[in-house]
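Common to both upcoming complexes is chain A, partnered first by chain B, then by chain C.
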Partner chain A sequence: MKANVFLLTPAALLGSAVAGHGVNYMNVAQAQQAIFPGKAMTAAEVKLTSEQRKEIERQGGIRQRSDTVKAWRVAGGGWFIVDEVLGKHEFITFAVGISADGSVHGIEIMEYLETYGDEVRNAKWRAQFTGKTKSAPLQLDKDIRNISGATLSSRHITDGVRRLLAIHDVALKSR
Partner chain B sequence: MKKIALNILLAVSLCTPDSLHADENLFGFVYGAETLPAGHTDVYQFMTLRTGKDAGGYYGWDFETEVEYGFTDRFQGSISIENRYIRNKNVPGLDDTSHFTFGGVAATGKYRILSPFKDGIGLALRLEGGFVYHDEVDGLLEHDVYIAPTVILQKNFLDDTLVAELNLGTEWAWGKDPAEQYYKEFAAQGGFGISYRFARNWSAGVETHFRAEWPMFNLFHNFEHVVVYAGPTVHYAGKKWWATLNYDYQVYGTGVDEISAHQTFAEETRHVFRLKVGFNF
Partner chain C sequence: MSANATQNIAIEIKRCRPLLGTFVEITARGGSPEMLSDAITAAFSAVEKVMALMSYHDPFSELSRVNGKAARAPVQVSEWTFRVIEQAQRLAAESDGAFDVTIAPRLASWGYLPRNPSNSRAERLARWSDVELLPGRLVHFRRPLHVDLGGIAKGFAVDRAVDALRSAGVREGLVNAGGDLRAFGDSEWPVQIRHPRDPLAGGHAFALRDSAVATSAAYFSRKRWRKCWVCPLVDGRTRLPCDDTLSVTVHAPDALLADALTKVVFALREKSAPILQRHNASALLLDCAGQCAFIAEEKSVPARA
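What follows is the complex of A and B.
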């Protein structure tokens, strides 16, 4: 009987932890309205060439995983982009609005599935990106404050915004 | 043994729904440099099977339950309790037995100096101290008090999907008798592992770990044994829990007064299997 006592401990623990879904904070339409309130948008089919991907990786400093960009043209100028970055285990889905002048208009975290680090949804932290252009360093502890305890998410979102600014420069602004 | 297998199956089956999600220990024996965020708690359950001596049948099961807490974003502490089930028959040098024993208790602190996510390389210091009441070879009585400081290095590559971890440490133990011949013992130990996140939530890799022991802290005239294990590891992590399954084979070992030239069995085994399950709160 002793075997049951020892080994059922993990079984009980496992059973008690059956919970936990990721959080989908907003859909595309909600993110669009949060960043560009009241603006009409038109979906744009953007397929990157291999040369564009290389240039994006050069400017962004990180890998461009997909050759497709989920982008919307904003009425009156500007772009709205939905993208993903790696979280610790899952992807973090986020949206970036870029003004007609090429600066960040705003960012929103749309889906966050990780155990820790959802402090990146904090409005003050996200506000640091507003006004950044492709010439900004966009690096933790330089022009973007790290969130202690959410370092991986902070860094990957910062890298992601830098990469989307490169996408805008390479593939969107001239369209 | 059937009961044990059944209970493990039950434990594993309870964690299979795809609605679950989590955090990490990529390897069975090698530690990473990350620490829990402040105010968060992890609960771990380790199950380790050590089996395969040079002759006879030997099964050493270790069941360790650990609770870990992030005191700050850089410092975490944990306490753990370990129990054992030892079964051996016709193993040279050991009496035939089949019994449960209370293994001991331990407390661990880990302080992160550098983060692998923003400092280029991760660096942490880990200090474990504990009391072992019955030894892990055949569950014999001892009153072993030990401390084990370890330096942990971690380097991430490819957007943090490829992770390499290196541990180097020592262990200083007093009270190994009467389970062992000597009262005190020094050990050098460590390991290296590399793991790649090949799919969402899934990582796989290899690790190796070693341990060398010198009774009476005498590094020059009292060598006891050295052992090196290596093997694959697979890791799943969701939002609320994670699991790591690891197998290690004794690739090299040598000990005093042992017949085998390339493996040591007095305190070690040919195979080690480890399942770790962790829950995040």
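What follows is the complex of A and C.
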């Protein structure tokens, strides 16, 4: 069959315009399993002092906006941390596993929301997504999410991981 | 299709990791959740292996070793690295140098790649034909130069991820590395191409089945440099930036071809038709005004299920 592949309309396309796209990849428990398979974890209440935040900013090279850390202690050594990054075009929740020796053990993207930064920074717009991650999946997930286009850089994640390593160094490893 | 097989495909696992400087998303269907997740882990490992071999930025990569030594004496490389350079050279010959893996000094001067202290005039004059491939997987440079596989290795990484999924027994899936996608298996995957003027809004959509697609465009990467707009898409013949208002999408049998051919189409436009046809590929150009142009027709398109 000779045909123009780009004119093959996807059967699943409903014709709705997509205003950014979002995907939920995994919840906290799934991310824990993906990074530290079979390991037990204990949630840790981590509050950063202003001195610790300053030191984290110095080491990580970027602002530490929050004074709480979503961290879990891994049985047998190591830490599991969930954090978020806000880029120009994306809002991403990700998990990082840190080994007992302080090195990165694994990274998984938990939630990816691609949109214009202004919309994400708008608290009201953000609010429609908060609390939805576990019980109700984002409706955006039903839209087309296989996007072919120029690369969105993952540099923000790299910066985010560097910040989490600084948090580990300043606030977690001595606990 | 048996009821059992239908049920099997209903289980889908999708994971995403920051790799290759972008986000690599892998979807797998046809197996238990544990089996699919393990297969995806293996596919991510294949992508990491390609990075470890062919990263330009990593000073310990095999490619960096080649760049440091191959002008003095031939350097033996792994099968994967050799295959990618071989394919790159083939496309360079076919496109008369429009695709050229030695443009690194140009990209470095615009700040897209790290500068090398050895960025000499001799190196800036280097061409793809100065890279010599010898029997025994040896790479030799006829003059000092730096090879950057950024325009082709991402596609190769996607192909290796697909191999890993298949050999783990995954029935069907999709690997998407920041816009370089490859689907395998019977299902059709809806794919949307970003609009060059409004890359985050909806754009042209089509169905992808058991083949690959890649889009190149400069909408996220173009910038000012000495009063000119530059972008990382460079015509190897002239060393000038390509039109940064266009997006080029190539459909091809595998992701390496789709990835590399976007650069050929950017430089050659309509004249790329014979090259596309030779590889059973075709291209779609989108401009800022929303105009589409198609280049080349394919001998066969996978029939719809």
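Some notes on this structure:
The working rule: the second predicted complex is superposed on the first by the 114 of 175 C-alpha atoms of A that agree within 3 Å, B and C clash if a C-alpha of one lies under 4 Å from a C-alpha of the other, contacts with A are read in each partner's own complex, and residues count from 1 in each chain.
Throughout what follows, contacts are C-beta pairs under 8 Å (C-beta built on N, C-alpha and C of every residue); 3 or more make two chains touch, one makes a residue touch a chain.
Source: prediction; values computed, not measured.
In the superposition on chain A, A:Met26 makes contact with chain C only, while chain B stays out of contact range.
By the touch criterion defined above, A:Ile62 lies against chain B but remains apart from chain C after alignment on the C-alpha atoms of chain A. Contacts of A:Ile157 after superposition on the shared chain: chain C is touched, whereas chain B is not.
Once chain A of one complex is fitted onto chain A of the other, the partner contacts of A:His89 extend to both chain B and chain C. In the superposition on chain A, contact of A:Ile109 is made with chain C only, not with chain B. Judged by the touch definition given at the top, the superposed model places A:Ala44 against neither chain B nor chain C.
Judged by the document's definition of touching, chain A residues 2-4, 6-11, 13, 17-20, 89, 114-116, 146, 148-152, 155 lie at the interface with chain B and also at the interface with chain C.
By the touch criterion given at the top, residues 2-4, 6-11, 13-15, 17-22, 62-63, 86, 88-91, 113-117, 140-141, 146, 148-152, 155-156, 159 of chain A touch chain B in their complex.
The residues of chain C lying in touch with chain A in their complex are 14-19, 21-23, 25, 37, 41, 174, 176, 178-181, 188-194, 199-208, 211, 213-221, 247, 249, 251, 282, 284, 292, 294, 297-301, 303-304. Chain A meets chain C in the complex at residues 1-13, 17-20, 23, 25-26, 34, 89, 94, 107-109, 112, 114-116, 144, 146-155, 157-158.
By the touch rule above, chain B contacts chain A in their complex via residues 3-4, 7-8, 10-12, 14-15, 17, 19-24, 36-38, 40, 43, 45, 47, 63, 65, 70, 73-74, 83, 85, 100, 115, 117-118, 158-161, 200-201, 237-241, 277, 279-280.
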